[in-house]
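The following pair of complexes shares a single chain, subunit A, combined with subunit B in the former and subunit C in the latter.
Right after this comes the complex of A and B.
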């Protein structure tokens, strides 16, 4: 099941050319672009690991693309996303984030029903991938 | 104009093309504002022409590989290497060979780390900042320390070389430094020498050129020599040139700053005098003559 989170995730995967154009847009807005990766696709997983440092003061997307390609070499079979951080006063938070790399095979999510008191049911989603320990989740 | 969307043509008016790019304006500005440096200007003109033709070729569909634009500037201190690097960046930008046209000026400290594993991220960060523009490495020979085998400079050099080769269309690297030391640097790093297409040597300025430079600088600061002061300054240049640590235009700039100090001091000394614009603008012979250079020269003349 294809994970959809962040911008553009209902579109077909972006090509490098398209990613580069999006990054250039972010840089022109004065945002710092970061590369993050994870192998835990749960939508509530806030803790993606960072590839290198946030990239402040860049002028051209080529620098980000260089790092992204490095990251793909190491974590090519995990989720990688770019996030654009706006440091200006009042925002100081992420303005845009989108997935740029995903595992070849995304097993999807299991829905668990917890039967509570009475006939109440609580629902939990968990990824099949996370059944296995970190680092071994996508083959 | 975006090169990708430009219609394919088979006839191009060179004059229109030149005007569209606005390159002539920069070149003539270069001629106007940089005094002397004949070989440098000729070379820049050549490079600019090549890039212009390359641009037209691209529009006609006669593609060839992106030309290698990495350069090395060698010359004595104060011969205008940094100034020219800034100009080159805007020329390359107008011709569309660098996308953003910024210049990131660095020295060894900003590229080389202090412990194992520190250098690569540091160098890469600088490279990323310079992407789409020009990376100007001043005194590049400090990157290589032949006396210390474990120096991290070599690591920075390797990363630089790799990016210079693989991302030629993203980044132009300009190395600068004094002639003899750069020669040694290239001798011990042949990879650098062969990856740099343009080796430009900056000649020293002649006395007349230095005077022109001084007057240009003064004009920019809204000052001017009186005729006497000008004559004294000609003598000053000749004397200063013979002294050690002479660094061409930089020495002239420093001399002018001291002249301004002395002029201000002279004006303040006489509080009753009503100043006119001319008084404030003009630098007098006495301001020039108060320089240490004349005193030293006088002493050595007495001694001999």
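Right after this comes the complex of A and C.
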């Protein structure tokens, strides 16, 4: 399967040049770009690990691309995403987020159903990858 | 800010009241002292409802009406009558006024302008003191402003065009239960419009078949599916059936995609007790969103908004029924007023037009509605039909929804007209896809992502839209097929409602 979180997951994987143009767009909006990675892509896993701090005060996308390549060297078989933060009043949140790196195999998620009273079912989604301990999930 | 400064700066000079007419209206005609309270009938404009020198206070509510007096009725008298009948007046003088601070409670019409290019119609600006209204109650606000006056015999027609809601009043409302920012955080979706579809056919599917449509559409790439306004609990599908099968579909699609998904479960019912029961069940099943129809009424909407805030639920409003009073230009209530009331009332989503789809909506007017939903401050923009500066005092933002007759081939136009914070609902445009529902959903999602990518890259996506879509379709057969099927579908009809003011180039520019 393919995890389709983020803004561009339905397109073919972005090239570095395409990623760089999106980063440049974010910087021009005055947003700070952050690199995050995880080996637990559960849809409600909000807090991926941070690769350093969000890059405030950056002007050129090249800085982000350099950090992204460093991150890929270490976590090349994990999910890596870029998130852009807008600190302006009324937003103060993420404005753009997209996946820029994926594991070679994406095993997907198990859906568990617990039958309750009155035909009600309690659903639990869990990532097959998280059956193994952190750090040993993708090969 | 004094009203004259606020308004004259934005009204093109050539369209202002001709001098001879404004002279007639320039002075207060209010009868004062003992004579004011002599038994009998007195013209409204002499009772204190026409005060051309009145400077509205920052805390006043201001309403703008389009007044069409009966032939021979003085427009100022007609406008004063609207002020009177929407505040303290009755048809005759009553001595009991003298037991009250009557001058404060009288609504004051302070300005009457002829409507440009519409003979016989006048814009009447009326100020209401804040004490005339109960805090946090749309029912009370609307009962005052539109409760009595729309059937008034001396008028041929009357339309409430816009309202300025003072911050002091805005702050007495909860506002959207969730708001755009928190909705995006909860749904984990940033940087693009959200995608939805209304399940079709809207009537007749069993719960099991209905859930099938939901699953296919969500798995294919949509973020939301939606019950239609009249899907409640009918013989072919009891509401519990729908809820149970829909949540199976939502959870299965979430596991298949790794994304958060939702389906607007319509909890509209005959009584509040039934609505609460349905909403509680939706919560128990883990739904992120429920839905109500505008026809349940303002009080019921506010109750559900409070419930939604208490229960971390996104609240979708379908504006069922609004066109009965919003569509005609001369009579009723403009949708921009309904949008303002709904932002106060506390819904999170509101259908606000598509511009290019099958339902009414001229681009400039629709832009005005979207601004009202999404901005923290709306400057007066007559060319969008927005007559007043409006501060929202950090009330949550309301997500507009574009639904009805739109398809993937219009993605560049939709993004241009409606922006990024919007839900695009492709019902027919998903379910009617020749390769099936999943393919329809995928076509829409790919078209959207390709367009956002191109826009962010700085391309002239509006002009290059068809090329961008064609390029994306090279690697996506469902999109290719969608573009082929719907390539010529457009809905070009004359709008029945559009702004009265057109921007004119000025020397200063």
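Criterion: the second predicted complex is superposed on the first by the 138 of 139 C-alpha atoms of A that agree within 3 Å, B and C clash if a C-alpha of one lies under 4 Å from a C-alpha of the other, contacts with A are read in each partner's own complex, and residues count from 1 in each chain.
Quick note on the criterion: a residue touches a chain if its C-beta (ideal position, glycine included) is under 8 Å from a C-beta of that chain, and two chains touch if they have at least 3 such contacts.
As the structure is a prediction and not an experimental result, all values here were calculated from the model.
Chemist: With subunit A superposed, do subunit B and subunit C clash or fit?
Modeler: They fit: once the shared chain is superposed, the two partners occupy separate space.
Chemist: In the overlaid three-chain picture, which partner chain does A:120 touch, first (subunit B) or second (subunit C), both, or neither?
Modeler: In the superposition, A:120 touches subunit C alone.
Chemist: According to the stated criteria, A:11 is in contact with first (subunit B), second (subunit C), both, or neither; which is it?
Modeler: Second partner only.
Chemist: With both complexes overlaid on chain A, does A:111 touch subunit B (first), subunit C (second), both or neither?
Modeler: In the superposition, A:111 touches subunit C alone.
Chemist: Counting residues of subunit A touched by each partner, does subunit B or subunit C come out ahead?
Modeler: Per-residue touch count on subunit A favours C.
Chemist: Identify the partner contact of A:98: answer first if only subunit B is touched, second if only subunit C is, both if each is, neither if none is.
Modeler: Touch status of A:98: second partner only.
Chemist: Quick check for you: in the superposed arrangement, does A:64 touch first (subunit B), second (subunit C), both or neither?
Modeler: After superposing on A, A:64 lies in contact with subunit B but is clear of subunit C.
Chemist: Does subunit B (first) or subunit C (second) touch A:55, or do both, or does neither?
Modeler: Only subunit B; A:55 stays clear of subunit C.
Chemist: Between subunit B and subunit C, what minimal C-alpha to C-alpha distance in angstrom results from the superposition?
Modeler: The answer for the closest subunit B-subunit C C-alpha pair is 13 Å.
Chemist: Would you tell me which residues of subunit C are touching subunit A in their complex?
Modeler: 181, 184-185, 188, 190-192, 221, 244, 247-248, 251-252, 254-260, 284-286, 376, 394, 397, 442, 445-446, 449-450, 452-453, 456-458, 472, 475
Chemist: Enumerate the contact residues on subunit B facing subunit A in the complex.
Modeler: So the residues of subunit B in touch with subunit A come to 99-100, 102, 121, 124-125, 127-129, 131-133, 163, 167, 170-171.
Chemist: Which residues of subunit A touch subunit B once you look at their complex with the stated criterion?
Modeler: Counting only subunit A, the residues touching subunit B are 52-53, 55, 57-64, 66-67.
Chemist: Enumerate the contact residues on subunit A facing subunit C in the complex.
Modeler: Per the stated touch rule, the residues are 1, 3-5, 7-12, 14, 18, 21-22, 25, 41-44, 46, 83-84, 89-98, 108-111, 119-123, 125.
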